[in-house]
Amino acid sequence: MVRKSMELQTELQQRLKKKNILLMTHLVLGYPSLDTNKEVIEQMALNGVDCIELQIPFSEPIADGPVILKANQQSLEAGITVEQCFAFAAEMAAKYPDVCFLFMTYYNIVFKYGEAAFLRRTRDVGLVGTIIPDLPPEEGEQYFALSKELELAPITFFTPTSTAERMTEVAQQGEGFVYCVARRGVTGKQTAIDESLDSYLEQCRQATGLPLAVGFGISNRDDIAMLTGKADMAVIGTATIRLVDEQGAAAVGPFIAELAGAA
Amino acid sequence: MVRKSMELQTELQQRLKKKNILLMTHLVLGYPSLDTNKEVIEQMALNGVDCIELQIPFSEPIADGPVILKANQQSLEAGITVEQCFAFAAEMAAKYPDVCFLFMTYYNIVFKYGEAAFLRRTRDVGLVGTIIPDLPPEEGEQYFALSKELELAPITFFTPTSTAERMTEVAQQGEGFVYCVARRGVTGKQTAIDESLDSYLEQCRQATGLPLAVGFGISNRDDIAMLTGKADMAVIGTATIRLVDEQGAAAVGPFIAELAGAA
Amino acid sequence: MKKGYFGQWGGAFIPEVLYATFAQLNTEYEKARADAAFWQEYVELMGNYSCRPTPLTYAENLSNHFGGARIYIKREDLNHTGAHKANNVMGQGLLVKRMGKKRVIAETGAGQHGVATATMAARFGFDCTVYMGEEDVARQRPNVFWMEKLGATVVPVTSGSRTLKDAMNEAFRDWVSSMDDTHYVIGTVCGPHPFPEMVAWFQSIIGIEAHKQILQQFGRLPSRVYACVGGGSNAMGIFQGFLDTPEVELVGVEAGGEGIDTDRHASRMTGDRASAGVAQGYKTMFLQNPEGQMLDTHSIAAGLDYVGVSPILADLGEQGRVRFEAATDKEVVDALALSMRKEGLIPALESSHGFVQAFKEAPTMAGDEAIIINMSGRGDKDIFTVAHAFDDPSWKKFIVDRGNEYSK
Amino acid sequence: MKKGYFGQWGGAFIPEVLYATFAQLNTEYEKARADAAFWQEYVELMGNYSCRPTPLTYAENLSNHFGGARIYIKREDLNHTGAHKANNVMGQGLLVKRMGKKRVIAETGAGQHGVATATMAARFGFDCTVYMGEEDVARQRPNVFWMEKLGATVVPVTSGSRTLKDAMNEAFRDWVSSMDDTHYVIGTVCGPHPFPEMVAWFQSIIGIEAHKQILQQFGRLPSRVYACVGGGSNAMGIFQGFLDTPEVELVGVEAGGEGIDTDRHASRMTGDRASAGVAQGYKTMFLQNPEGQMLDTHSIAAGLDYVGVSPILADLGEQGRVRFEAATDKEVVDALALSMRKEGLIPALESSHGFVQAFKEAPTMAGDEAIIINMSGRGDKDIFTVAHAFDDPSWKKFIVDRGNEYSK
């Protein structure tokens, strides 16, 4: 089942009828290995994850913190290629039709592959969208247009430094959902789930009708409970990578199940 | 027998009636020790040396080469004092009345002692003159005058860079003899005894009626033979220090005897 | 053309969280640029704190030695902190003051830009953090020492190749958390718009002076102007004085390392290992593999050891306005040795790249032609690298003895 | 007064063999001094090869920190080769050219004057030999390295205390053999006439500039001018700009080492270990014992570690025109640290002595007064000494690691 871009938003909104909040997880392809990735994804899929970001490693991941940075590097050192990432994504998308898979990567990977070729292939392997943190709409006009043409969701970002005006502008360019960065900084640091986050999320809500995914520093049951009702999707990034590093892929299932329980 | 300054010149001229060329030797007081100095002086005196320069060590002997420099330093390190030098000089002058003793030192030693005090004491201990290589007549007006008053010979220098005019000027200030520096440079390096030395000495002769002592690099029988007839006194400096360093004080006697034989 | 682009190069590929920061920076920069008093203040600061105008020295001995063009050398080495880097940091410092920020961060490779930034921060009373690849921290300890004593915090970067580009990534990572009170002082004409344009503007003081000086001293324009190209700031600085006079040929010299046909160099505009890409917030020629992963680079000159190059230079190269050449490590050491002996000048290893190419071409030129070499910095702070490059036995002994003393 | 004397100080206590050489030098020097074109040529050379006029930097942060007089800093550190020593050597270089000599020799302590002379020799095409105490050769290897690369022969001096004064003696020993084609470039305002007067003349460029600059920037004369005093050349350089204006107090700061009441210092005009004497060709206050043997001296700053002092300064001190103070090693390191953090300036350890005294006095002065500190050189070439003085553990580790690498 290939989801189409307009369908990602619809799909998420459908799911939200049954769940209070959705879950998106993240992993770095090839870290620690594609085999482990496979196990992790299985555990995620079986425990009710809605979306998974598959990060294609890049040598210069400037928006990522130390954990994901290291994962990118080790994967590259082990020899991961973009081609392998596509093949792996194809396999996963086919195997877990209930999960919405998105590519996350940096723009140079896309640029070197060729925007059109990259997006076509992304669509063809069954993914629903892409998250490119270093491609603002201003630089991505063509990329965003082509994504939409191919019915892939080009995910955009809200951040606590965004003005209302900027949020509106950005949301108009994006599809699927908006990735609301919970705080300043890179991935991997804890975010305080507090009142200022609440008012930030209210602002986000006012700026768009797209579902709101909240990420950066979401790592436990309490975080998710607090987000419920304010956001549409919680994004678990670094937390799973740490978990796999420390306890292995098998620990992911119970972890996700617990989070899903909080949702 | 205390020699007076006018007497040094007279004395040398007297001796020159019996010898073709006179000998002046040099040693650094306290190097390697005053006891060794004593032995060396004895050997010199017994073998017919006419004049002996007693160098009072100074920490900055800029006109001296490495051998004498080192001797100055080691003597100072062993604790030699100016007072000891005077006492030693007194003893030697008394013991060897046939030898004309002169102090050689740098001006700061004199300056710190006080010019008048230094010269009076020098006269009182029985020396006949002083050789101060860093005190040109221009800076030494008072010193030269007082020397003469005390009938001590203030020795002046001719050098291969001196003009005829300068030689005349300098010679007028000096007494006793003129120290003709045989070549450019510091003490201790061999001097080529050649035609240019001959013409230099002729020039020296023309500039003064004072006896001419030739020093810097005179070290053997041949040198002295070559100087005979052109100069009045050969100065043996570094050569004896080297000899004592290498073969001990006892070697000085035969060495001087050989040189005196050439004279 | 799109704002922030030079031909197809440039842009601002920044995470959304920096959008507002860049908006503010652009506004302040444009205001400053439109304000003649700002430039005046900048020129005065550089005159009073550094020693601008730096001289244009006629290198008579080298000119005679090569027997061709008359060689003039623009003396950026005489700047405070010893390189053209001072121009950029002091300019940005003034801007930071205008923006009311209290902290600056910087990346540094050799440490030159780090020392310059730490100096500027001390002078302006800003807090300062400098990111520096762990490997560079180890290699360039003297600069680390000075940065710390100047009051900066030096953070060793342990990711990636642990060199300049990784330090730049890490500075960005700091900035996305700290932008409210922090300005990122990028050290060269690279990075997202407005940095290339802005840094080029501050560095244009070199070319403005050099243009005036060569007319005064030589009476005419030079035939060629040479500059080494790392990020490209010193080159852009001097080239801007001659961009509008097409009869002046502009020559940028990259790090040829062990040869541009090896994989140990840092030549983006010469050789065939670089291709268009987007990283560190901008689009330019990068040394990268076909999938877009950045390659390890090498140069004897840490300041040239960088994967990217100014988008402005990429464009000028594409247009044919700037000719690019490369100098190998070995040629660089030879040119440095010759400059020392003939003129008493110690160009930085970076700067010596420009000297190499000038020395190759000067003899083929006419005696009534002039060339200018931009001496971007002084080499005496490269003592550890240079003495190592010369394989100086007394130096090694000195270090060994010192080491033994310290390990007692 | 007798020629070459300043009060009772100075003179030319030279061996007869140098008489003709000094006669020629005096003649050429006097001709040059009488020739306005010579000074013009000198000023142009310093403008084109070094970066004169060096700025007078207003140290706003330090001024605020101390809350008294406004502190201005004369930036001799921005000279080519990093110190005021450049002024003297380039001036003497021009004179050597006039005299038609082909070789220069110099003594050096820290290596600063040696590097400056080697640089001048390279630029003028002279052969160059630098005498340097064996101990200094060991301590100051980086400077030895540069001198050699600049084409000079560095001769380690193994006699005496194996430091500066011994190097000076050794240079004299060379000169008495080689004077026909060789000029001895004395590095400070010491030595036999005409050196003190001549070096002071070349260095007066500092004071001429500073006088003009302080009037431009502050509108009035400064209340006090501070300079460190080794031989005294940088101090004489700046003082000459204010000698004729008695309302400007001139303060010379000597090396207090471990305290002027210890025997580890190099203070000739302060403390009670110095007395009048004659050595190295001139009469001045020397650190010597009562019999006239020179004492060992000590300073953290190699360039101040000298037994004698300029006869001109000895006279100005005796007249009361210059006030002398001493700064201890420890105070010097503190003042250096503060200058780095507050202003981004790295004064040489020598120069930092002047800073110490200025920092002591500035707070006691009124806010509408100004003082000038002469920053005679930059401290970054003192890295080995400064890092050692700060007892920096990372630096030590760096050196140990390097040493281990080299001893493999």
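A few notes on this one:
We call the chains A, B, C and D, going by the order they appear; numbering starts again at 1 in every chain.
Here is the rule we use: a contact is a pair of C-beta atoms (placed from the backbone, for glycine too) under 8 Å apart; a residue touches a chain by one contact, two chains touch by 3 or more.
Please read these numbers as outputs of a predicted model, since none were measured by experiment.
Seen from the Cα centre of subunit B, the chain whose own Cα centre is farthest off is A.
Annotation: 66 Å between the Cα-based centres of subunit B and subunit C. Mean C-alpha position of subunit A lies 38 Å from that of subunit C. In terms of their C-alpha centroids, the spacing between subunit A and subunit B amounts to 98 Å. Looking at subunit B, one finds that none of its residues touch two or more other chains. In terms of which chains touch, the assembly is arranged as an unbranched chain of neighbours.
Of all possible chain pairings, those that touch are A-C, B-D, C-D.
Looking at the complex, you find that subunit D touches subunit B at residues 11-21, 159-160, 165, 169, 172-173, 176-180, 275-281, 283, 286, 288, 290-294. Contact residues of subunit A toward subunit C in the complex are 58-66, 69-70, 73, 76, 81-82, 106-109, 111-113, 133-136, 138-139, 156-163, 166, 170, 181, 184-186. Note for the complex: subunit D touches subunit C at residues 47-51, 54-58, 61, 75, 77-80, 82, 118-123, 125, 138, 141-142, 144-146, 149-151, 337, 340-344, 346, 380-381, 383-384, 386-387, 390, 392, 394-404, 406-407.
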